[in-house]
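Note that subunit A is present in both complexes that follow, paired respectively with subunit B and with subunit C.
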Partner chain A sequence: MKAIFKREIKSYFKSPIGYIFLAAFMFFASLMFVFINLSAQTASMSGFFQNISMIFVFVIPVLTMRTMSEERKSKTDQLLLTAPVKITDIVLGKFFAAASVLLIGFLAILSYIFILKLYGNPAVAEIMVGFLGLFLMGLLYVAIGIFMSSITESQVIAAVSTFGVLFFIWFLGLIGLSFSSVLTGALSWLGKALDWILGFISVNQRFYDFTVGTLNFVPVFYFVSLTALFIFLSIQVVEKRRFK
Partner chain B sequence: MKNKKNFRYSVNANTLIIGAIVIVLLLNSILIALNDKISLQLDFTYDEIFKLTDETKEIVSKIDEDVEILMITDGSDTEMYSLVRNILDKYTQENSKISFSEINYVKNPIEIKPYLDEMPTMQLGSLILKSAGKHEIANSKDFFTNNSQSNVERVVTGKLANFMDEYTISEIMLTSGHGEAAMTSANAIFEMEGYKTVSFDSLTENFPKDANSLVIICAPQKDFGAEEIDKLDKYLDNGGNVQIYFDPYHTGEDLTKLESYLAEEWGIVRSKNVVFDTQGIEGSQYLLAELGDHEIVKPLKEGQKRVAYIPANPIEISDTLPVYVEAGALLTTSNSAYSATMEEITANAYQKPSDSEKGKINLVVAATRKNYDLDGKETTGKLLVSGTAETFNSIVSDTRFANEDLLLNTIGWMKGNSANISIRAKILPSGQLMLERNQFWSWFVVLVVIIPVLLLAAGLTVFVKRRYK
Partner chain C sequence: MIEIRNLTKKYGDKLAVDNISFNVAKGEILGFLGPNGAGKSTTMNMLTGYLSLSSGSIKIDGFDILDNPVEAKAKVGYLPEHPPLYLDMTVKEYLDFVYDLKKVTENRDEHLNKIMDTVKISDVKNRVISNLSKGYKQRVGIAQAMIGNPEVLILDEPTVGLDPKQIIEIRDVIKKLGREHTVILSSHILQEVNAICERVIIINKGKLVASDTPENLGRALSNENKFQMRIAGKERDILDALENITGIKYVKSLGKKEEGTIDFIIESEPEKDVRRDIFFSLADAKCPILSMQNMALSLEEVFLTVTKSAESGMELVSDINEEEIEIVGAKNTKDEEEEKVDEGNI
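Entry: the complex of A and B
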C-alpha cells in the first residue's frame, strides 16, 4: 500500500492535477471566507461551513477522476492487477493519496483561524469541529469519486458522474423535499420511510451538526461508514475485473 | 465449468456487497434511533448552547405528564429551526414524556388557529407546549437577543415549569398611583423567567397576603400616604419583600413619608444629592459599580462580572440601625465618586464642587428585619433600596453587564431561592471582527488571487516541463 500511496502522491504533483485541485479549492474556499467572514466582519464560521460543501461538489471530481480510470485506459491496471499486491492495498493507497492532497488543502484553509484571531476572538474549538466535519465529508466524497472512477475507463465520464452523484446528494439537502406531507393517510408510513431515506442520503443534513460546533457521534459514524462502504465497493469492482 | 465458477463468484461478490450495504444502513439506523433517546453529541460551542443546564435537567426530570411541543414552521428549513430543533431534541432525550414535532402552518392552519389569539403576530418558529389540557406559547421573538444570545432553553424551561405545581408562576406586584416608571426591560426578563407581573394601587388595594410575593416600587414621583406606609410596614412585618428604586432626577413632590419610614424603621437614608463618579467607562454613558460584600452579589464577584449604573441618589446606612434590622451595601461607587445636588453640579459645569468630598458611596442597599408575633414566631421582611431605577431596568438588557443577574439574584434572595428558575441567555456562535477596508482587500488579494495563481503557475510549470522533456 505504501508503494502505491507514494506513486499516487508523486503522480498528483508530477502532473498539473494536484496543483489545479489545490488552486481551485483555495480560490473558492478563500472567496467564501473573505465574503462570508471578513467582509461581514464575523468570527463565526458556521456560514462558511454551510456553503463550502458546494465547492467539494466541483473540485473533488478533479481530484479523483483519474485514480482508477487512468490505469484502465493506459492498461497499467493489468500490471497492477497481476502484481503481488492486494486489491485492497491498491484502492486504499489511491484513497489515502487523494485524501492527503485534500489534507494539504485543508491545512491551508486552517490558516483562516489565525486570520480571524488577528481581528477578533473566534471560538476555536467550535471552528475546529467544523473543519473536522468538513474533512470527513471530503473523505466521503473522495471515496465516492474513486468508486465512480473504478467503474469507467474514461476520466471525463468519471468526473461527470462523480459530479452528478455529489450534486444529487448535496442538492437533496437543499430543497427540503418532504414526502410525508404529500403521502398522508394509509400511505403516511411510506412518506415517513421515504423522508428517512432522503434524510439519510442528504449529506448536508448530516454535516449540519458540525457547522454549529457540535460533535455528534451519529454523523461521524455516517461519514466514516459510508466512506468505508464506497472504498469496499471500489475494491469489489476492481476485484471483479481481476477475476475476469 | 468456467461459467459455474463465474456464477459462484458473482453470487459471493453480490452477497458481500449487499451484506455490506445492509450492515452500514442497519448500524446507521440503530445510531439514529439511539440518538433520539440519548444524546450522542459533544457540545463544543462557546457557551454550550446545545447542552441543557443542570437546572433544566432537574425540572425536566420532574415532568410526569406527557408534554407535546409543536414548532410552527412554513415548511422551509432555516438556521433558526435547526437550532431550536437541536435544543429541543435534548429535552426529548432527557425525558421520554416530552415529544417534539413540527407543524406547517400553511398546510395545517386549523390546527394552530386556537392558539393564534395568544400571539400578537404569527411568529414562525414559535412553540406550542401542550400538557394535561393546558397549554403555553413560547414566542420565537423571545428566542434570540440582538446581541447574538440564545434564550431558547430559558424560555422553553420556563414554559415547561409552568405545567408543574411547584414551579407555578410567582407574582411580582408593581405599585401604581404614584407616577411610577414603567419597567419595560425588566418586565421582559420577568416574563422569560416565568414571573407574572401585576400592577396594583397600594392606596385602594391591599398588599399581597402571600409573604413569598415581591412588591416593586419603581421611581415614584408622588409620596405614599400614611395608610399605605402602614400597609407596607405590615406586609414587611409578615415577611414580605419590597424593592424601592428612587429616581435621582425626580422633581415632583418630596417623598417625605416614604423616606422617613425608611430612615426610621430601616435605618436607610436616601440623599437628594446625585452621585458622579470620575471613573466612568470609556465611551459609555454608564458608570461601573463596585460590588459589596452582600451574599446577593457574591456570585457576581466570584464570576468577575461587571454591574453598571447611571447617576443615582446616594443611599446611606445609619450608624445605629433599628433593633432587628441588618443592612449592607450591594453596590457602591469607586473611591473617586462625589455627590452634590443637581444645581451645584450644573453650576460647576459638571465638575466636582469644591466642598464635596470624594469617596465610596452606596448605590444599592439590602436590609432584613426580623419580626416576632405573640407566639414568638419569627418572620423576616426583606427590603432593597436603589438610588436609581435604571440599574434594575434599562441596563438589564445590556448584556455587556451583569445587571440582569443582579436583578434576578435580588429576587432569588428575597424569595429564599425557592423554586426559582434562573437560566441565563447563552452566547450564540458569532463574534465581531474589527477589520479595516484596506486590510480586507489585502487579504482578498493574498487569499483569492496570489495563492491560487501561484498554485496554478506551479501546475503550469510541471505541465510544460513534462511536455517538453
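Entry: the complex of A and C
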C-alpha cells in the first residue's frame, strides 16, 4: 500500500492534475469566502460551508478520474495485480493518496479562520466542526470518484460520470422539496414520504448539521460508512473483472 | 515448481483455454507456442493471478494461485504482452516503485543496478519512459519482471519489438536466467523457441496439442530432406541430370528468378542424403549449383502438421501449399503471378 500511495502522490504532482485540482479548489473556495464572509462582514462560516459543497461536485472528479481507469488503459494494472499485494491495498493506496491531496487544499483554506480572527470573533470550535464535515464529505466524494473510475477505461468517462453522480446526490435535497409542493391534496402523503426518503439519502442534509457547528454521531457515521461502502465496491469491481 | 491441472478459462460461452495440464520443473525453460488467439496470453495471465480461472488449479511452488495468491505471486516475475510501464516516470523511479511494490529485501541499489546492467538499460535510467524506443521499453519491462529475483519468470513474447541485435542479447539474458530460474516464455517464432527452450508446449484454440523437446519436435517437423536450390542451366538439362539420382522423391520447378537460372524444390526419401549426388550429377551436366538451402517450416505449418497428425496418425509434410513455405535466409521478391510453376515428378 505504501508503494502505491507514494507513486500516486508523486504522479499527482508530476502531471498537472494535482496543481489544477488545488488551484481550482482554492480559487473557488477563496472566492466564496470573500463574498460570503468578508463582503458580508460575518464571522459565521455556515453559509460558506453550505455553498462550498457545490465546488466539490466540480473539482473532485478531476482528482479521481484517472486513479483506476488509467491503470487499465496503460495496462499497468497487470503489474499491480500480479504483484504480491492485495487489491484492497491497491485501492486504499489510491484513496489515501487522493485524500492527501484533498487535505493539502484543506490546510490552505483552514487559514480563513486566522483571517476571521483578525477582524472579528469567530466561533473556532464550531467552524472546525464545519471543516471536519466538509472533509468527510470530500472523502465520500473521492470514494465515489474512485468507484466510477474503476468501472471504465476512459478518464473522461470517469470524470463526467463522477460529476453526474455527485451532482445528482447534491441535488437530491432540492428535488425532495419540489415533490411535496407538486403532490398536494390526496397525494400529499406521497410527496412527504418522497421528501423524507430523498432527504435521508441526501448528502447535503447530513452535511447541514456540520455547517451549523453541531457534531453528531449519525452524520459522521453516515459519511464514514458510505465512504467505506464505495471503497469496498471499487475493490469488488477490480476483483470481479478477473472472473469475467 | 509449477503444476497446472485441468486449467480452463471461459469468456462467456467461448472457451479460451480448454482443459490444459502440464508441469514445469525447477530450472526448466519452457517454450509456449501458439498462433494469435490460441490462449497463450490468457494462460499466462492466469498463471500470474491477473485473471481468475474458470476451473482447474495452478500451483506455484506448492502455493495455489487462488488460495494463497500473495505467496504465489511473490514467486513470479511477469512480463505481459504490453510492458506495464508508467510512462510519466523515469526508468529508475519506475524500478524503484516495482522494488517497493514487490517488497524486496535485497540491497536496493545493488540489486537494481545489477538488473539494469543485465538488460543494458543503465544508460537510460534517468530518462522518462515515454521517451524511450520500443526496444528499450521492452527491456525495462523485462527488468521489472526480474526485480526481487523471483523463482519463476513468465515472459509473454519478450523479444517483440526488438532489433535483431537486441533479440540475440535478450535471448542470451533469458538463457542465463534459466540457470537459476524457472522460465516460461511464449513466442510465435519457432527459431526463438528452438534456440532457448528445453521443452516446448504448443497450444492451439485453447487446447494443448504437443509437448516435447525442440529436438524431437524439430526432427518430426522441420523437413531436413527437403531443400530449395538455384541452379544455372536449362531446365531440361537439369531435370535430366536429376533423374539419374536415386532417392529423390520429387522435384518441383519454381521457374526463373535470376537470369539463366531455375529454382527448384527437391525432396528426397526420408533418411537419405542426396545432396552429394546432386552436386556431382549437376557438375557432370555442367549446371552449377548457385545455392542450396534446407527448408524450415513456419509455425503455421507446424500447427497444420501437429493438428493433422493428431487426427490421422503420423503423416508428414509433402504436400504443403508452396506459398506457405518459409525459406530461411532466402528472399522471395517476385510476384507470385510472374512465376510459372511447372511440376515435374520424376
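As a working rule, the second predicted complex is superposed on the first by the 218 of 244 C-alpha atoms of A that agree within 3 Å, B and C clash if a C-alpha of one lies under 4 Å from a C-alpha of the other, contacts with A are read in each partner's own complex, and residues count from 1 in each chain.
We adopt the following convention: a contact is a pair of C-beta atoms (placed from the backbone, for glycine too) under 8 Å apart; a residue touches a chain by one contact, two chains touch by 3 or more.
No experiment lies behind these values; they were computed from the predicted model shown.
*Asks:* Examine A:83 and indicate which partner it touches, taking first as subunit B and second as subunit C; both and neither are also allowed.
*Replies:* Touch partner of A:83: subunit C, not subunit B.
*Asks:* Check whether A:30 is in contact with subunit B, with subunit C, with both or with neither, and answer first, second, both or neither.
*Replies:* first
*Asks:* Identify which of subunit B and subunit C touches the larger number of residues of subunit A.
*Replies:* Partner with more touched residues of subunit A: B.
*Asks:* Counting only touches as set out at the top, which of subunit B and subunit C does A:11 meet: first, second, both, neither?
*Replies:* In the superposed model, A:11 contacts subunit C only, not subunit B.
*Asks:* Where does A:243 make contact in the superposed view: on subunit B (first), on subunit C (second), on both, or on neither?
*Replies:* In the superposed model, A:243 contacts both subunit B and subunit C.
*Asks:* Which of the two partners, first being subunit B and second being subunit C, lies in contact with A:74: first, second, both, or neither?
*Replies:* Second partner only.
*Asks:* So, A:213: does it touch subunit B (first), subunit C (second), both, or neither?
*Replies:* first
*Asks:* Please work out whether A:188 is in contact with subunit B alone, subunit C alone, both, or neither, and reply first, second, both or neither.
*Replies:* Neither partner.
*Asks:* Jot down the residues of subunit A that show up as touching in both complexes, subunit B in one and subunit C in the other.
*Replies:* Residues 14-15, 243 of subunit A touch both subunit B and subunit C.
*Asks:* For subunit A, which residues are in contact with subunit B within the complex?
*Replies:* Residues 13-20, 22-24, 26-27, 30-31, 33-34, 37-39, 41-44, 46, 108, 115-116, 119-123, 125-126, 128-129, 176, 178, 181, 200, 208-209, 212-218, 221-222, 225-226, 228-229, 232-233, 236, 239-240, 243.
*Asks:* Provide the residue numbers of subunit A that touch subunit C in the complex, in ascending order.
*Replies:* 2-4, 6-7, 10-11, 14-15, 74-86, 242-244
*Asks:* Give the list of subunit C residues in touch with subunit A in this complex.
*Replies:* Residues of subunit C touching subunit A: 11, 45, 48-52, 70-71, 73-74, 76, 78, 80, 82, 84-89, 93, 97-98, 100-103, 144.
*Asks:* Give every residue of subunit B touching subunit A within the complex, in rising order.
*Replies:* So the residues of subunit B in touch with subunit A come to 9, 13, 16-17, 20-21, 24-25, 27-28, 31-32, 35, 40-46, 50, 75-77, 79, 82-83, 86, 104, 107, 428-435, 439-440, 443-444, 447-448, 451-453, 455-456, 458-460, 462-463, 466.
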